[in-house]
Amino acid sequence: MKYKLLIEANDRKGLVYKISKILYEYGLNIEQNTEFVDACSNKFFMRTEFSGDIIKQKLIDDIKAILPTNHMISLKNDDKKNIVLLVSKESHVLGDLLIRYESGELQANIKAVISNHDNTKKLTEKFGIPFFHIPTNSLSREQHEALVKKTINRFDPNIIVLAKYMRILTPDFVKNYQHKLLNIHHSFLPAFVGANPYDMAYERGVKIVGATAHYVTDELDEGPIICQDVVHIDHTYNSDDMCKAGKNVEKIVLSDALNLLLEDKVLTFNNKTVIL
Amino acid sequence: MKYKLLIEANDRKGLVYKISKILYEYGLNIEQNTEFVDACSNKFFMRTEFSGDIIKQKLIDDIKAILPTNHMISLKNDDKKNIVLLVSKESHVLGDLLIRYESGELQANIKAVISNHDNTKKLTEKFGIPFFHIPTNSLSREQHEALVKKTINRFDPNIIVLAKYMRILTPDFVKNYQHKLLNIHHSFLPAFVGANPYDMAYERGVKIVGATAHYVTDELDEGPIICQDVVHIDHTYNSDDMCKAGKNVEKIVLSDALNLLLEDKVLTFNNKTVIL
Amino acid sequence: MKYKLLIEANDRKGLVYKISKILYEYGLNIEQNTEFVDACSNKFFMRTEFSGDIIKQKLIDDIKAILPTNHMISLKNDDKKNIVLLVSKESHVLGDLLIRYESGELQANIKAVISNHDNTKKLTEKFGIPFFHIPTNSLSREQHEALVKKTINRFDPNIIVLAKYMRILTPDFVKNYQHKLLNIHHSFLPAFVGANPYDMAYERGVKIVGATAHYVTDELDEGPIICQDVVHIDHTYNSDDMCKAGKNVEKIVLSDALNLLLEDKVLTFNNKTVIL
Amino acid sequence: MKYKLLIEANDRKGLVYKISKILYEYGLNIEQNTEFVDACSNKFFMRTEFSGDIIKQKLIDDIKAILPTNHMISLKNDDKKNIVLLVSKESHVLGDLLIRYESGELQANIKAVISNHDNTKKLTEKFGIPFFHIPTNSLSREQHEALVKKTINRFDPNIIVLAKYMRILTPDFVKNYQHKLLNIHHSFLPAFVGANPYDMAYERGVKIVGATAHYVTDELDEGPIICQDVVHIDHTYNSDDMCKAGKNVEKIVLSDALNLLLEDKVLTFNNKTVIL
């Protein structure tokens, strides 16, 4: 059986030694091991992939015993994660994920697609995935979210991907799914926060457009950034052309970030990500 | 003799025909020709490189006669442009320009380097270029700028390059050198306007840092953007590492933008650049 | 009605004037116009987008009359082009094109998918596109190609996209579809010609992998290059990881090249492309 | 005192534990630690930065005792390395290194510049660095190399940078400086091996040009690759334009590779590099 061990703790002399000693004494086979110490905060981060037979809680307890008091430890097995996608009208990111899913490139179970529109229903169902249309009409934001939440919770997903979901989320909703909400924003944040980044980019006359995949927090477009990239444009691009040019970046940046989450490679600290 | 003709006008049917007719009747040899019509504003932009013998003003008058009333026309010969560099303490952009100058790669005459510090004096003078140290101590912003202006004006430069000049300029100074001030900002604008972009980038936890070369206008870091690029970073970069990583981008983005200006390829319109 | 005019000719003084004069006299509205002169060969290339009412052959004849004897002229209307896709086992490029087709991003009619395998049949038919399985078993290369040709010809396509079609084509086949065969090769050509570029890339220890979209000619992987791009990799990538990393580049490079063909922006000359 | 420990060995269970145990028992402070296991060859690679007081040979012996028999171990202190630059006519890479040296960005001592031409003498000496002109005229390759070797050896350099040195080296010369010769080749190897890559790139009509920094081995342009990058070009670039466009990439790729060597981050294995 394969496992991934994630640790965050205040740095101390001998942490690598003490942790690797335990893993060695369990007879485990380390396949990948990465450490990082943030010099600023004196925080130690570690990710280890190993294979072997263990009693999960016992291993965790043994490692906890040698860690400084304030720490985070997490031990994940290699089961495929369940994900739920939230989308609005645009289909390019959804379509890209579906194709990666179909070909086996996306190592996850897409359990459901939820949308406030119904135009992507046909596309989703082509791939045998349940589609839930939850229109917003005449509902308050809270009422609508309650319905979305209910549908999400039926599938108990490990990750909820906002694949161009154009609704602002309430703090309550965000809190409810902490460290589970992955969003793709269509600009190189922190530039062009909010709606219509391509219109703003056109207005400002930038020579690059981009995309940012990030965890969602209470503050709009302010969560920990996981992946970013840009593409070059020029004066011949109007707002629509920028939008088209940005689609490829949006797809790839989100897909890369999602893969990092699926492989349990992302730790967060101080509204930033540490990717091991 | 080689010339570069730049035209901006409201778009009309037949502009290309009418302009190329005049050039043809003068017996000129067109070597490069680019047009662009901004569909939004219905503006026509054109840049033509040609060779031949002309009386400049006569050709301009002939073309003006067939252009719509509100237009810009500019006819440049192929003489090397004169430039003056303004710098502060950091030397990497200055050094890069000096090396490109020395090797003949930078097709311009660097007439002078002006700085509010004196640490780059030795470096500058190695290359036989006059260095002017104008310290700011006990001078008001206006007094200091008056001295800088006086020194600049001795060389009547076509372009003034702010090669990491860390002083905020007064509207008066900017107005005085309109369309002549080229600045390099060490972020992918509009992200991280103002001082210390790398500190802000570190704080925000971005996965890219970049640089922006732009014309200077009254509004800080708000002028028309000419070139931008970014470089990927990760969680192991602190603010200093980002600064180091950004240096290569700063150098190249500024050098690319400067070359575009030297080749008369940059038109501006609505706080944007059209690069032909 | 919209048209795209493509011209290639030996360069002469006054070509732009003479051509734009004819377009002006026809009362046509030029929306985009690009020229390029290859100084080496003294060849003139031009692409003009215009709208208006014309008798196609008459306009062509009028322009031919003022062009030097050896020229190429082509006038395309704005109809959606028909394309046929040839694929083998890998589905990522096919899937990407299908999704772009479904969303309307790909401005073409996918008339058919032909494969020497049948694993992508289900995927293709989800999108309502006819799938033709033409297995190679016990057929000679010529016999197999004859069947493929017959199927292709039923749809009279403007472009045949080799979307990871892993069969080597005979000179006869290539000749039959000159300037119509677009291939994606999974390396930054001319590096790693032939089969298994990722294995070769792994063996060589390169730090980038890439993809090349090109027209197909008789010589394997030697046709005119349209688009290329690369992605950075490191020592942790084995051949399979490189393959995964390359998939995004393959998809985007092919899609970009296909769009250029669909917009009639690609001219060829001396085994190179001129993209206007 | 700061140290960098580099280890390569056949992988065994417990290596990380056993090595970190020794470092812990010495009371050393690990500041960075990276491991990599090449699954294909079952090779273990490790790089550790630590600070503390040690007797070098004793620590090495203790670690050797727990490593499998066939291993490489190397313990470097933090002293600035000495480098010697070999150049021919082109000055852009040399100039770039000199500027980085002058500003303190290049953490090394440039002890000498050796050239078969004398055109960069003035530039080199501006920076107070000894310049040795060793012309090739009427000398055999071996005679010329003997003189170059003699001059190099006066400075006992850790790294010899071929900063656009356009002479082919004899196997003897290469052998003499194994793992010390860093070359910059002006193409994305393995494309365009040998002289005049930009001419070959023009001929082939590629849409990218690039540069490769690599260790030098007997086979021309076949040594382990350390860094590579490319820049996009189009049909308007002739061979000279490609050369200009490539200069920035050459400078940065070489500078990046040199920094990796200076920080002892490069291990080699099977004609490939592992960069930790």
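First chain written, first letter: the chains are A, B, C and D, and each begins at residue 1.
Going forward, a residue touches a chain if its C-beta (ideal position, glycine included) is under 8 Å from a C-beta of that chain, and two chains touch if they have at least 3 such contacts.
All figures in this text were calculated on a predicted structure; none of them were measured in a lab.
Student: Using just the Cα atoms, superpose chain C onto chain D and tell me the rotation angle to the nearest 5°.
Tutor: 180
Student: What pair in A-C, A-D or C-D shares over half of its contact pairs, by residue number, with B-C?
Tutor: Going through A-C, A-D or C-D one by one, only A-D repeats the B-C interface.
Student: Provide the C-alpha centroid distance between chain A and chain B, rounded to the nearest whole angstrom.
Tutor: That pair's centroid distance is 40 Å.
Student: Between chain B and chain D, what is the gap in Å from one C-alpha centre to the other?
Tutor: Taking the average C-alpha coordinate of chain B and of chain D, the gap between them is 36 Å.
Student: Which positions in chain B touch two or more other chains at once?
Tutor: Expected reply: 39.
Student: Give the list of chain A residues in touch with chain C in this complex.
Tutor: Within the complex, chain A contacts chain C at residues 91-92, 95-96, 98-100, 102-103, 105, 123, 126-127, 244, 247-248, 252, 255.
Student: Using the touch definition from the top, list the residues of chain B that touch chain C in their complex.
Tutor: 13-14, 16-18, 20-21, 23-24, 27, 29-35, 37, 39
Student: Residues of chain D touching chain C in their complex?
Tutor: Residues of chain D touching chain C: 36, 38-40, 188-192, 204-208, 210, 224-230, 232, 234-236, 238, 270-275.
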